[in-house]
Amino acid sequence: MKKILNQAADFVNEMLDGLLLAHPDMLAYAGDDPHCIVRADAPVTDKVALATGGGSGHLPVFLGYVGKGMLDGCAVGDVFASPSSDQMYELTKRISSGKGVVYIYGNYGGDVMNFDMAAEMAAMDDIEVRTVLVKDDVASAPRAEAARRRGVAGMVFAFKVAGAMADKGGSLDDVVRVTEKMLAATGTMGVALSPCTVPRAGKPTFSIGEGEMEIGMGIHGEPGMKRESLQSADEITERMVSAILDDLQPDAGARVAVMVNGLGATPPEELYIIYRKVHALLDARDLRVHRPYVGEYATSMEMAGASITLAVLDDELAALLDHPAHTPFFMQV
Amino acid sequence: MKKILNQAADFVNEMLDGLLLAHPDMLAYAGDDPHCIVRADAPVTDKVALATGGGSGHLPVFLGYVGKGMLDGCAVGDVFASPSSDQMYELTKRISSGKGVVYIYGNYGGDVMNFDMAAEMAAMDDIEVRTVLVKDDVASAPRAEAARRRGVAGMVFAFKVAGAMADKGGSLDDVVRVTEKMLAATGTMGVALSPCTVPRAGKPTFSIGEGEMEIGMGIHGEPGMKRESLQSADEITERMVSAILDDLQPDAGARVAVMVNGLGATPPEELYIIYRKVHALLDARDLRVHRPYVGEYATSMEMAGASITLAVLDDELAALLDHPAHTPFFMQV
Amino acid sequence: MSYNSDQVARALQRAAQQLTAEAGRLNDLDQAMGDGDIGITLEKIGIALADYAQTEPVDDIGKWLGKAGMAANKAGSSSYGTLLATALMRAGKAATGKSALTDDDLAVMFTAAAQGMQERGKANLGDKTVLDAIFPAADAFAAAVGAGESGAQAAAAALAAAETGRDAVTPLRSKIGRASWVGERSEGKIDPGCEAFIVILRALAQ
Amino acid sequence: MSYNSDQVARALQRAAQQLTAEAGRLNDLDQAMGDGDIGITLEKIGIALADYAQTEPVDDIGKWLGKAGMAANKAGSSSYGTLLATALMRAGKAATGKSALTDDDLAVMFTAAAQGMQERGKANLGDKTVLDAIFPAADAFAAAVGAGESGAQAAAAALAAAETGRDAVTPLRSKIGRASWVGERSEGKIDPGCEAFIVILRALAQ
């Protein structure tokens, strides 16, 4: 394990400390537990509050999207581990302004069980909580078993439209509706070229040969669906884009939001080489790129690889995606 | 070599293609040579024009800082190789609006020789060109031989203040003056934990053991000043901050701009662990952080490691740093 | 036979210590088809529970176990950590008010724990999860107690049933949770949750 | 002896091919104390120059060499590439208008090339750069030609002087360019620029 850190056990807390020292204008601790973090101006009056949470090691996911136009708070777990239901519950109380709270997070067992427990606790305080699970990874299960799919980079689009709708004063129903609509139109697929190392584990999540890649991997350093020999950027891209479009079945002429996401070690140069091909493939299918996001949006520490997310937009979703936002990791004017 | 690419020889051109497809509102090719790239609205009337250039493989450096409030154009070389004097000259003609052109780039032999040749050619067209060399790496030579120092992440601060002064209508003299002032007050130092691979070379720039690090490395995958055993984040940070402060000798109470820069593979989590310690060390010396930048600002593809840049600000520099900017990789409102 | 609060506390401590001791091995199992954190979680939970069992005096065994579950959830909240916490809370609920436990009590608590895990995680038998070890174990325990066997005999029967359950699902493909995403590559690999449950059960049975 | 334009073009072609052939080895030298790109640059330049020498007819040898320099700069513009381009341009300038070259012409061009490199790169002798090979070589060539030796003898003397120059600086610490940043670790390592120059000279002398 080659990382710049102090004690593995302090990895998350020191990272949080650094983040809050760097962004005191945007983020604040919710209370005594450093794993509950909220917008500096939380609770925001008369706004549906949005909470997320999950394991650490994915920056900007999850914490990096807390801020104006996106999320109100985040419960932060240890690396790749769910935060506890207590933490989620504390967070919920701290961000709620009476208009309801929406939990938006990835479909992972630990997170689901804990958020469900937190929602049960919040209900006893008469806080209305609604849940939208992100399940955008088309490689993790066939469409017929979509309920089993995991949540990956597509969650950023969910945060974005939910945040915009809440920022514009939308009701709890509105926020849930547009978030679900966005996710129904969103698909992601990824490839990994190298594993990552959980600090406390001290060894890589898997081993992989020089000329191999994992197709359809997740963002927790878990292996993918299949191991294959490394292909060219164009081949990899074509494969991912086809899989997503087969799943989403957009109409010709549709507008599509695109995210080419680096998993950590893959440089922006390679992401733009991928984007070039995505653009050409969409063009060839008569699909129009609405807003390309190319960069690191949902990572697995030092893992090498990339994911592609496509989202088919209607006018409402396009407008929500275009709405301004300002968080430590995401700025749009 | 494990990269997502097609042919190594096409790496740069395809990357540029992707970048321009993704940001047509901000960037444009200057002419037929794809290695000359300008702001989409170049030349900007009645503004000192700013050009930079250098090898590829450092995104966001250099190209990523072309845009409003920063640079007007960039000559792009092959990976870690200087662009040619012809390319720089073409670029110069394309961005000049008659108020003069400033070349701001890193102190590397190939770049210096070629930019000098380009300036000689531009002079024959009566374009006034001034040069500000970035030499911020305090580890690359002792202060007495500062002319020999190389330029690393500190160049982003130079781009920022130069761009702000030009955006505010400053004269050629003004722009050169503030850029030189900023650089005189800026120092950087870095550590590398792993090498990177130039696509055409196909093998890593150096090899390094599991428990080792390179102190004072550059951003071209070159080895550093010294190889040592890997230390803790706090120790590494303390060492880098001390070296920079010894060089800059700021007065107590001074305002300091901070950049904690990832070299490519090092995740944001680790950068914030470093930032936490930088903040504490500056605090302990009675120095005030003015604006922390934590992220990837000047990279070496998939190299693991980080650099710290400190810049001691006066009121003028602080205001220029705060000025808005909007480029594909840098946005400040 | 009846177990007093001291014995209950010592049993929990044994299980906690064993989880810590075997964390590395369990983690390797999760690395093979999950995200390699079950051992990390169980080490954290083991430390927290050992500390809890040592410092928190037992009065009402049920409440004491329930609070142990809450401590476990705070310490480690991955899927398995949360399921384990739920199991402790449900077992505790089934023993509320008691200051000593009979083998019959244990049988009831065991089944409550298994059902709690099922309700929290919504998995089915055969999905290749801890359920495939805990349900057969709880059933075997209850059957043995019902047939008048000793606590030790019942525990041995439960352990054997858990092992058989674990082995029965090893060849299968995981149908839920992280392991389900590696597809056919999960076939032939031991479910880490089953194995972790066996570690706990073996420590409790001592 | 006198060399016609055909011979000049063939000599440039030989040098170009040799650079391409030895690119890998040269790159390894630059990897050891620089950024590992001199071979990449020289391969690109070698290909460009071989193409240029084959397709561009020679009329005025001086102008032809000057344009070869410009083609080289376009193809590869790292430090060494730019220095090499400058050397070609300066050598060409010193031979403007000529349709054949004598050994005396070559001596003058050789020195002009060395001086061009010095002016463009602003390094000093002893800094451990290509200058430490090209200046002794140019001097030895001129001295041999002045002493009435044949072109082949002068070339052999130049090659020997370049090798001596290269070896003399190998133990030293690099004082300029990328290699200067690795500090003491450059000591004992061959300067890739010197070696590349020897590759060129050997090919030209054939």
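The letters A, B, C and D name the chains in turn, as written, and every chain counts its residues from 1.
Here, a contact is a pair of C-beta atoms (placed from the backbone, for glycine too) under 8 Å apart; a residue touches a chain by one contact, two chains touch by 3 or more.
All values derive from a computational prediction rather than experimental measurement.
> Under the touch criterion given at the top, what is the topological distance in steps from chain C to chain D?
3
> Which chain's mean C-alpha position is the greatest distance from chain B's?
So the farthest one, by centre of C-alpha atoms, is C.
> Can you give the whole-Å distance between the Cα centres of chain A and chain B?
Centre separation, chain A to chain B: 29 Å.
> Using Cα averages as centroids, what's the distance between chain A and chain C in whole Å?
About 32 Å separates the centre of chain A from that of chain C.
> How big is the gap, in whole Å, between where the Cα atoms of chain B centre and where those of chain C centre?
Measuring from centre to centre gives 55 Å for this pair.
> At least two other chains touched by the same residue of chain C: list those residues.
There are none in chain C.
> Between the chains shown, work out who touches whom and classify the graph as line, ring, star, complete or other.
Chain contacts: open path, no cycle.
> Would you please name all pairs of chains that touch?
Touch list across chains, by label: A-B, A-C, B-D.
> Quick check: in the complex, which residue numbers of chain A touch chain C?
77-86, 108-110, 113-114, 116-117, 140-141, 148, 150, 198, 200-201, 203, 205-206, 218, 220-226
> In their shared complex, at which residues does chain B touch chain A?
2-6, 11-12, 14-19, 21-22, 56-57, 59-60, 64, 191, 193-194, 210, 230, 232-234, 236, 264-276, 279, 292, 294, 296, 299, 301-302, 304-306, 326, 329, 331, 333
> For the complex, give me every residue of chain C touching chain A.
Touch residues, chain C against chain A: 27, 31, 33-37, 39-41, 44, 70, 73-74, 76-83, 86, 120-121, 176-178, 180-183, 185.
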